[in-house]
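Before anything else, here is the set of structures, which you'll find just below.
Same chain, two partners: chain A is paired with chain B first, then with chain C.
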Partner chain A sequence: MVAEAAQRLSANAEIRDLSSKPAARLAAGTVNRTSPMNRRPFALLAPPLLAILLLGAVPLVLVLVWSFWTWDPATYWIKPDMSLAGYSAILDAGRWTVIVSTLLKAAGTATLCVFLAFPIAYVVQFLSGPRLQALLLALITIPFFTSYLIRSFSWRLVLGRTGIVNTMLQHIGLTQAPVDWLLFSNFAVVVGLVASYLPFAVFPLVLAFRRVPPDLIAAAQDLGAGFWRAVATILLPLTFSGIFAGFLFVFVMTAGSSTEVQMLGGAGASIVSVMINDVMRVANYPLAFAISTVVLAVIFTLVLVGNVTFKLSSLFAEEDR
Partner chain B sequence: MAIAIDIQSVTRAYGPIKALDGIDLAIKAGEFFTLLGSSGCGKSTLLKLIGGFDRPTKGRILFEGRDVIDVPANKRPVNTVFQNLALFPHMTVAENIGYGLKLRGLSGAALKAKVEDALDLVELPGFGPRGIAMMSGGQRQRVALARALVMEPGILLLDEPLTGLDERLRQQMRDEFGRLHRRTGATFILVTHNQDEALSLSDRMAIMHQGRIEQLDVPAQFFARPANSFVAGFVGIDTLLKPERIEQHSDGLRAVIGGQSLRLRSPMGSLGDDSLVAIRPDRLRISESLDGADLVLTVVGTTFRGLQTDVHLAFADGQSLVAVVSSDSPSATLAHGARVPLSLLPDAAMLLSGLGMPPAA
Partner chain C sequence: MTVHEGFGNRALLWIIAILGLLVIYAPPLYLLAISFNPALQPSLPSLSALSLDWYMALPREKALIGALQQSLLIAFATAVFATALSLLAALAYVELRFGRTSWFLLVLLPMFVPGVVQGLALSAVFSRLGVKASMITLISGHLLWAMPFAFIVILTSFAAVRQNFLLAAADLGANRWRQFVDVTLPLIRPGLVSAFIFSFLLSLNEFTRAFYLSGRQNTLPVVLFSKMNSGASPVIYAMSGAIFIASVLMVAALALYNLLGRRAPVLEAQ
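Let's look at the complex of A and B:
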């Protein structure tokens, strides 16, 4: 018996070596990794993977590499190097304050968007029938249908000295003269940014809310929780991945925005993308890429930390209930 | 501790549709009461009103004589085991059970002791630190029960809590409900579409249909005296025959079906033209000889059901009924077309008002 089993084992070992015969390997119990069925996902993924590599990864690597090159202001010429000149130029000319203010503005806008998106997602997911839900989601996508330029410009008409808001305020007698800080100010910039990027916060939150059975809120209330308590102890923890994803989306989009700031910001308003643009005009690519690298590093860190802490991937995971 | 509930002409309308239509119902303190009905009959809506998750359009709901319509769910002495359990997935078993206690201000050792008592009560000692995802279906059921019972509610609502469990677990949890009811003494209200659950657990039950209560009684009465043909069908008296006519004889009413006359138990209240004759399968016997048989019917088929076999028997007019016989009796193998004598035990046939009629007074 034992000898027979040993013989069979060694026979199996031989079969395993005949890797050209899938059936034999299946019989020997090895995983069939190269079968057509298992190869298909990679074949399907190849074109997008190639696109991401060529259009995403390669330029990013170039940005990183060129940020260490040196720039000659006399000839506007750049040459290969391993210099930190670009990075020190960020510190020297106070350009870092623009980076910091951009990141702060992005964080502020993202926070505001999340605060606004949370009740929207609640209404969409828990208080709407299927038809109202579809209508609300369609309304939320409206900002996508117009260009950023036109949308920003239309805010000028709303917020300007002779805009709708000022006319209304004067008409009902709340103010005598037009309110100046409505336009060409940080306020106007944030209004424009929120209006543009709010949908990016709403959709991940709706996705996160969809994974929360409405019965959980009822259960919390059944056990004695008031509405706000139920939101804080049940809804908030269960939708944190969505909150963070929404924050991140808006943060990234805002950090890279330029139109809203240029159209609605005051004379002194600056933002990273505008600064990069200015530097590029004099062909100082190392500095431009150094700034880009710093901002990218901040964003990548956020994504990594977020993914570990809040399990962003769970937002798209199969429902486990 | 147990609370009596008085529901007075409660209506809940969604636009033109009345989910509940003038419900009057008094549930005694400490009673195990069941609302039985198919989906859409209004039983879950009624449960929501008692739990405080919804408001009636009209009518009053009293707990121990006090109107509670304006009392929100989180302030009512009611706890619920939800249909899909609604356990908090981001909390451990102990955190789930302790959730309500914490809101009451319990903490530390007192909280821990109560949670452990609750785990013992549902026979899950030591499961506190586990995540919900690690619990099996039956264990989750017990956690949901513990989470509600640890609050020591005056009323426990069970909203179809056994759906989605396999038959063995269902049986086990059913016994568990009975045990916990005796143990806690709270008023239990079970909502279900499963008549077995209702019959085995309830002190009293109500069968609901289209927002109304068709019959309200102790379980045995639903078989002895079903209020109408809907109730009879719902509790498993499937044979409902349309009589040619009803005759008044010296020994009581008789119905004529397919040319044969059968004795009826006297009906409750008045009956309309749409009355049906219900026949209890457990009160039919296939007799040996044609002498003295109450009915003689033709076999149209048999269905083997394991220990028992259904024998389908037809009247001359094509209407048929089912007699249940032991699978090893000779009757189980009767040939198609055979003529079979039947005797009817007392109360085998009764006259009932037609489907969807309001219950007889």
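Let's look at the complex of A and C:
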């Protein structure tokens, strides 16, 4: 492809300017500054920046501002104010317990995901040939682009009273009656969350494992370390940025999730996003905006801290090209 | 030198890895299997009783089909805009001399904004502006959800574009536009195709933002959600199974296309 392109280009250049070689033209100043060194990124940057600002940043800043306004019965909307009523309402009626339990669920889910993701990354990087590696990577990529709704819903069929798990448990005689706590429970929610967001932990770990030379582990073993000692002293420190990024991604995605609780949670089960839905059902805008602001503050702080600590961009893009 | 995990440890690592994949794939595949069971009660069909009854019933479900059409249109529009904007964002990233990390983070951040918060914020702003919920509002919401993924994919594909190729093209008299069309574009084409497909699927399967932003015609996930919660019928299993497997096949086809493309001798010039 490139060779063709270069040929076509050189043909064009010759037709245009048979006499002069590039160096000569440079010296004569006839080359207008078209080299890639002449960077003009701002025209390219403008359209995506505009989209991100108008559709993303501006609405979120407005949510922050509106969280201090108060309800106006005359307009069925809120009026300018500097009230903390929305925030103090978070402390009422046990709403803060939902926030705490959301953070706990997020931490638990993220921990479980990292424990599953570490062996997956090991298998992908060190125990698979090129074909199997490609297959496993595809299997880990696919879930990002399937429906979280459908995947959560399908757990209902697996964990329900007549689901496959209960049928099997009764078949092998472990229980007589269907086990009820499998579905519409915190257990089901955490299982659904792990299934939904596990790929977010696997990906940074696979990227981190890629940079570990297998020779290092082999060398440690040569010097007498057992396999787990080598993992603990060589692999863990070298992949720590991946572990942290995986934990962070799952934590953040779980903290903002709603579908899993809606599909698999029991009566009264909640998570921050579901609480916002409930508050909006009675059009309590200031409270909904206040909760949103708190969630966003937590999430953005975590992502920014993670970025400062581990430079997330270096996971994906080559630096210093 | 090779690493010696020992048989036991190796088996343990494999078992956990397979368990992880099962947690992701077993339930939706179970749902897919159930959708081929002609019985009303959800359970695995026996091999002799496999039937497409519930799939044949799909075209009669006017609400589902209308929602599917709406979702496909929105997904297509989202994919077009997300790919184009992400390409510009990636080109800017490559050319930026300072603030690269900030730009990367800014494009990526919308991925971490909870769907409910993003949907609520956008719908509040649109209703203040007097914009009625419609396809436009939905596409706006899905654009920010799809862009971070499209951006990462396109940015990764830029690894194939060597600075030297562009310098050589420039030396040969190509202006920036010709450099882009003749050198950069062919090299990043797999990334653009991937970004388009990924954005399409992300929009097609998106539920929480659509819940706030869809107008009179709901999208497929919104209709599915309400039907799942009001006594799911096997037709829902069929629709869900079909959408799930279609998404899987599209990504798989893409992976295959990229794999085959990579084998072609791209860099004869070296």
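We adopt the following convention: the second predicted complex is superposed on the first by the 258 of 321 C-alpha atoms of A that agree within 3 Å, B and C clash if a C-alpha of one lies under 4 Å from a C-alpha of the other, contacts with A are read in each partner's own complex, and residues count from 1 in each chain.
Keep in mind that, in the parts below, contacts are C-beta pairs under 8 Å (C-beta built on N, C-alpha and C of every residue); 3 or more make two chains touch, one makes a residue touch a chain.
Small disclaimer: the values here were computed from a predicted structure and weren't measured.
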Considering only the touch criterion stated at the top, classify A:F145 as touching first (chain B), second (chain C), both, or neither.
second
For A:A74, decide between first (touching chain B), second (touching chain C), both and neither.
neither
Can A:A219 be said to touch chain B (first), chain C (second), both, or neither?
both
I'd like to know which partner A:A177 touches here: chain B for first, chain C for second, both or neither.
neither
Chain B versus chain C as contact partner of A:A255, first or second or both or neither:
second
First, second, both or neither for A:S292, with chain B first and chain C second
second
Which chain, chain B or chain C, ends up touching more residues of chain A in the combined arrangement?
C
Shared chain A contacts, counted only where both chain B and chain C touch the same residue
215, 218-219, 221-222, 321
Given the complex, residues on chain C that touch chain A span 1-6, 9-10, 12-14, 16-17, 19-21, 23-28, 30-31, 34, 41-44, 81, 85-86, 88-89, 91-97, 100-101, 103-110, 112-118, 120-122, 124-125, 128, 140-141, 143-144, 147, 149, 152, 155-156, 158-159, 163, 165-176, 178-179, 182-183, 186-187, 197-198, 201-202, 205, 207-208, 221, 224-225, 228, 232, 237, 240, 243-244, 247-248, 250-252, 255, 259, 266-269
For the complex, give me every residue of chain A touching chain B.
213, 215-216, 218-226, 229, 233-234, 237-238, 320-321
As the complex stands, chain A meets chain C at residues 1-3, 5-6, 8-10, 12-13, 16-17, 22, 32, 34-37, 39-42, 44-45, 47-49, 51-52, 55-56, 58-60, 62-63, 66, 77, 115-117, 119-120, 122-124, 126-127, 134, 136, 138-139, 141-151, 153-155, 157-158, 160, 162, 164, 167, 191, 194-195, 198-199, 202, 214-215, 217-219, 221-222, 227-228, 230, 252-253, 255-259, 262-263, 272-274, 276-277, 280, 285, 288, 292, 295-296, 299-300, 303-304, 307, 311-313, 316-318, 321
Contact residues on chain B for chain A in the complex?
51, 53, 72-75, 78-80, 82-84, 86-90, 99-100, 103-104, 133, 147-148, 151
